[in-house]
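There are two complexes below, and they share subunit A, which is joined by subunit B in the first and by subunit C in the second.
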Partner chain A sequence: MKKISTAIQSLIASGLGLPGMQELLAQELSDDGINAQLTYYDEAPLPLSKLAFGSPERYKINTQQLSWVKNLDETYNLTVEYVHEAMSGSSPMYVIPSADEGPLQAMTGATIRDKRDQLSASLQWDNEAYKHTAALGYSIENDYQAIFGSYAGEKESTDGMHTLSWGWSFSEDKIEPYDAIDNGRVLSAKRNSFSASGGFTQVLNKNAVIQTGVSVTREAGFLSDPYKQVWVNDSVLNDSRPDSRLMWAWTTKFRQYMTRSKAALHLDYRYFIDDWGIHSNTLDASWNQPLGHDWEIAPSIRYYTQTSPDFYGPVFFIAPEDAYWSSDYRLATYGSLSYQLNTSLRKEKWSLSFGAEYYQSKEDLALVGTPQDTPALVDFWRLTASFTIKL
Partner chain B sequence: MKAPTAPAIFRHHFSSMGCPAEIVLYAGNAEYAASAIAGAESEVHRLDHKYSHYRRDSELELMLQQASRARGVRVDDETAALLNFAATQHQVSAGLFDITAGRLTALWDRAQAVPQAQQIHSALALTGWHRVDWDGTRLHVPRGMRLDLGGVVKEYAADRAALQLKSAGIQSGYIDLGGDLHFLGPHPDGSAWRAGVRNPRGAGAIAAMTLHRGGLATSGDYERCLEVDGQRFGHIINPFTGWPVQGLASVTVVAPSCLLAGAVSTLAMLQGRDAGLEFLSTCGLQWMAHDGHFSYPGGDCMLEQPKLLHSCQPERNAKHANISCNNPSSNTSHQTSMAGDFTCHFAGDHGQLVAATG
Partner chain C sequence: MTYRYCLMARTLSKLAPLVLLMLSVLGACAPVQPWERGHLAQANMALSADPLKDSMDEHVYNSKEASSGGIGAAGGGCGCN
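Then we have the complex of A and B:
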């Protein structure tokens, strides 16, 4: 359809309220299509006042993503996706204590260049009130390979007022680090993870929906980062973490449609806890506002706060007895704020969207826990552009 | 391996909602076709029984009796959705579309001559959606007011019957309820249906619109019309003046649903020639309007040259309620059905006109 007046839009919306109308018109909305997405991710350089040595330039990642959706018949829907990522920049290695200036960050010197390719396929099928999705994928980098798979099921009640969902996923990873012998890194290691989840969605009224769910994940194998080291009692030793991890997450999502402004408010909360001692809270709010002429704008804000695990420290002056230590900034006690703005233009046969995100992490944004100086905490920009065409 | 049976075309004529109706579909065998057709037909009869203003025993009549009591009446979900749709039409047309104009419609429907000013005045006194108390579940109307859902229900019934066919697994075919059509999907070879647009001022079709699926509806001043001294008075009444609207002779619209097609064509008729054409030009749909002298095709209207069309000669033997099977590959001569004195539809296969609406 071309330009549509608001009168017609009101009639379409009102007509969809009649029994069976959405079902009847569902055939108009086949999922067949191709989506291409470009993402540019750019981490801010490390301030020179916090740099011990190495390059202050941090990661830049270019991601190209192409996916293809095809309705095989009335029941089966196939999605094939290819992702290519090119990364460059330096990464934090370890923290050096400094009496005058506080802890300083040691960075890799030469720019790391790496690329990752991932191919995955998922099959979705409906069976009366049930909806199933099974997926399998493979990801390869020069030093990393992963095979992953998942299944998700969903059952809607006959009155459509609530939906039960459940699923599981697994991943088998193999790592063979660069320059392992020269740097005393592990030559080859494996890790695996298995996750199970369950959830419940309830329609509260014609304008509000709430969803809540729990997931449990177990990771086992080599869970340390082979490219990171730790300052332990005047020595620089390899990052060393326990070889198993049990994680729990509880997520609740709320959607409220605003009749007057025709906008939708999304509120998401997530609580995470694991047996390493990390717990985190995430609060995400976004406002999806249609602007007319098929445009929509969605500003959003996300706040995150986490506590560090028992074996985290920027530096260790006394070696812990259990020989677990890490100064990976991602395990520190910190908080972050992320601001996003997404816009989209949706036409009958194609759609276009652009997004920008600014992310900022700091020790003193932490709401719980006792933060320590973490020089490698990162700020970044992420820009995305996506184009979908229906076939 | 057994070769799949090529789908054959099945037709079924019946009568409901005061007009002739037809279901045409492709199916593998007659039994399957008959069961799908029975489901669709009974859905049309259900809605006729529920909402007909011709039947004194319809649920709508009973509901209206209760709605005029002090406490009003709590209506079922389907009726509520229809009333909401009618309320939206009323709102977007700034009051021109008004289901409370039932008294006016009845007055002009029965008229042998132009009604007297006093008659129009009394009917106007019982017209106006603003006099209705409607909160989405409970309805209260002034005593004596008549609701005319005729401008909504027939189109809705075409969509509902199509849904029945779709649920029965039919992918190709259409239902024609007295000129309100819903096409389920193209011919099995993927080719589009061709629907003829009736000449509002003469015999035959003025153009054909092609479509694969969706609704097609026509509003015109030639149905149930009254002619006095060469002036034509149609059945679409302006609820403010109490007189039939003038300006456009017919408007045909193609939309995803017949309900929407019918709403848009009626709203265009109600606005008169210039405003109606302007409204159509922003509707984003395929449409074809005629003002009695000229045709105005619009949107991405897939019109074919009128000269390529067969002229459609009416035939006075409509109401045959049967299922007939034709070979879809043979171009059998088209049929035309007549009911009362207006052409309801033409039938046709590949390359032929399937439906002239009106």
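Then we have the complex of A and C:
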């Protein structure tokens, strides 16, 4: 592989941040090295005033990620990534109407304990003016398996001012729920997804760059949640969603270098729409400020708002004719605010970073749509620590 | 569902001119010479400075929100509930 300037390396690596190609970002051009990250995730308990029965304690998740990058020769670069997650806590099941107290959330009683392991590998290579990345991975839990893969390509203009990028990805998933017979759940089901995307990265001036792109994703198969139920006309029925879903997303990222403070302003926006009736807006802003002695601090804020699909409701007093219904809080009309603070120390051969996030979701944070009482909307804390070493 | 397809198509058709306008404006930028791109090469200017963190961020948000795809690949599925 030809030796190229760090400026172009950065731009090419930036161009790999395609909508839909997130899994490939670990494969940006880099020296041989190892990157390890630890994450602790902790959801706030459900308020007792909103609890119908079960345990109010929600999910806690510990995650370990390990990434190994190796330049095989001048042309090929290999990245292998391993993820291990250990999860425990209770999960929302369905909502019960209550004339006096408003809708109440039924939770699982016993604490669920589960783990997930994921292994993926990607190969990056260049061919004259084109750069390619192909990836394959496998994820497994006690009740869920997924095989996924992707391809991304890009071409930089001769003057280095813009990069055209494209790609696709797929996933084949299989779910075999716990205690299926005892709880009337599906014994085994499959779902698959396919995504295609295109993007354009442009150097605006010597201090600013922008990337914009569009992705389309189609999911098909068993898309309901086998662990969720719905109160429908005084009966508790299984979560039932359409067996296909078509999604579009438009994403734009902007980076502006501030010459006086040597900081970088990041602004990211995504618009999402699908054929279930959901549309959402996401705005992410961060200020990345060097502090001297190779330290950097980056406060950020993220605002998210979504509308609910046609078949969502906390409860249903009349059964919908199409027999689709869900009271999964993740499909409700709501908005969220997330506050993050990240700090990092970057040396020539290694780097260290720490981060903290507080995420808060509420019905009245929704920008559009008509929110309904959603007792299970979640707040959480997340802490991360990461270490990278070049070999 | 047909109504939803029409609504989605109308919304996308309204966004398409905005995307095309953005692309046409971007194409008119004055060239920046390679020796002038030092600031752009700074680590804090990368579109994705920390890939592992970004992939974890999207995994968390995609499992708690109704939006998926866009930023975030179709791989690494999970039974996150």
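We take it that the second predicted complex is superposed on the first by the 361 of 391 C-alpha atoms of A that agree within 3 Å, B and C clash if a C-alpha of one lies under 4 Å from a C-alpha of the other, contacts with A are read in each partner's own complex, and residues count from 1 in each chain.
Throughout what follows, a residue touches a chain if its C-beta (ideal position, glycine included) is under 8 Å from a C-beta of that chain, and two chains touch if they have at least 3 such contacts.
From a predicted model like this one, the values you see are computed outputs, not experimental measurements.
Asker: Regarding the shared-chain residue A:372, is it in contact with subunit B (first), subunit C (second), both, or neither?
Answerer: The answer is neither, since A:372 touches no partner chain.
Asker: Contact-wise, after the overlay, does A:171 reach subunit B, subunit C, both or neither (first, second, both, neither)?
Answerer: Only subunit C is touched by A:171; subunit B is not.
Asker: With both complexes overlaid on chain A, does A:276 touch subunit B (first), subunit C (second), both or neither?
Answerer: The answer is second: A:276 touches subunit C but not subunit B.
Asker: Quick one: subunit B or subunit C, who's touching more of subunit A?
Answerer: C
Asker: Just checking: does A:353 make contact with subunit B only, subunit C only, both, or neither of them? Give me first, second, both or neither.
Answerer: It touches subunit C, and subunit B stays clear.
Asker: Starting from the residues of subunit A touching subunit B, keep only those that also touch subunit C in the other complex, and list them.
Answerer: Subunit A residues touching both partners: 5-8, 10-11, 13-15, 17, 19-21, 23-25, 27-28.
Asker: Show which residues of subunit B lie in contact with subunit A when the two form their complex.
Answerer: Residue list for subunit B touching subunit A: 77-78, 81-82, 84-85, 87-89, 91-93, 156, 159-160, 162-163, 166, 185, 213-214, 256-257, 259-260, 263-264, 267, 279, 282-285, 299-300.
Asker: Residue numbers of subunit A touching subunit C in their complex, please.
Answerer: Result: residues 5-11, 13-17, 19-28, 35, 37, 39, 41, 63, 65, 67, 81, 83, 85, 91, 114, 116, 118, 120, 135, 137, 139, 141, 143-144, 146, 148-150, 159-162, 169-171, 173, 175, 193-195, 200-207, 209-212, 214-217, 225, 227-228, 242, 246-253, 255, 257, 259, 262-264, 268, 270-280, 282, 288, 290, 296, 298, 304, 306, 308-310, 330-331, 336, 342, 346, 353, 355, 359, 361, 378, 380, 382, 384, 386 of subunit A touch subunit C.
Asker: Which part of subunit C faces subunit A closely enough to touch in the complex?
Answerer: So the residues of subunit C touching subunit A come out as 1, 4-5, 7-8, 11-12, 15, 19, 22-23, 26-27, 29-32, 34, 36-56, 58, 60-61, 64-79, 81.
Asker: For a test of understanding, state which residues of subunit A touch subunit B in their complex under the given definition.
Answerer: 1-8, 10-15, 17-21, 23-25, 27-28
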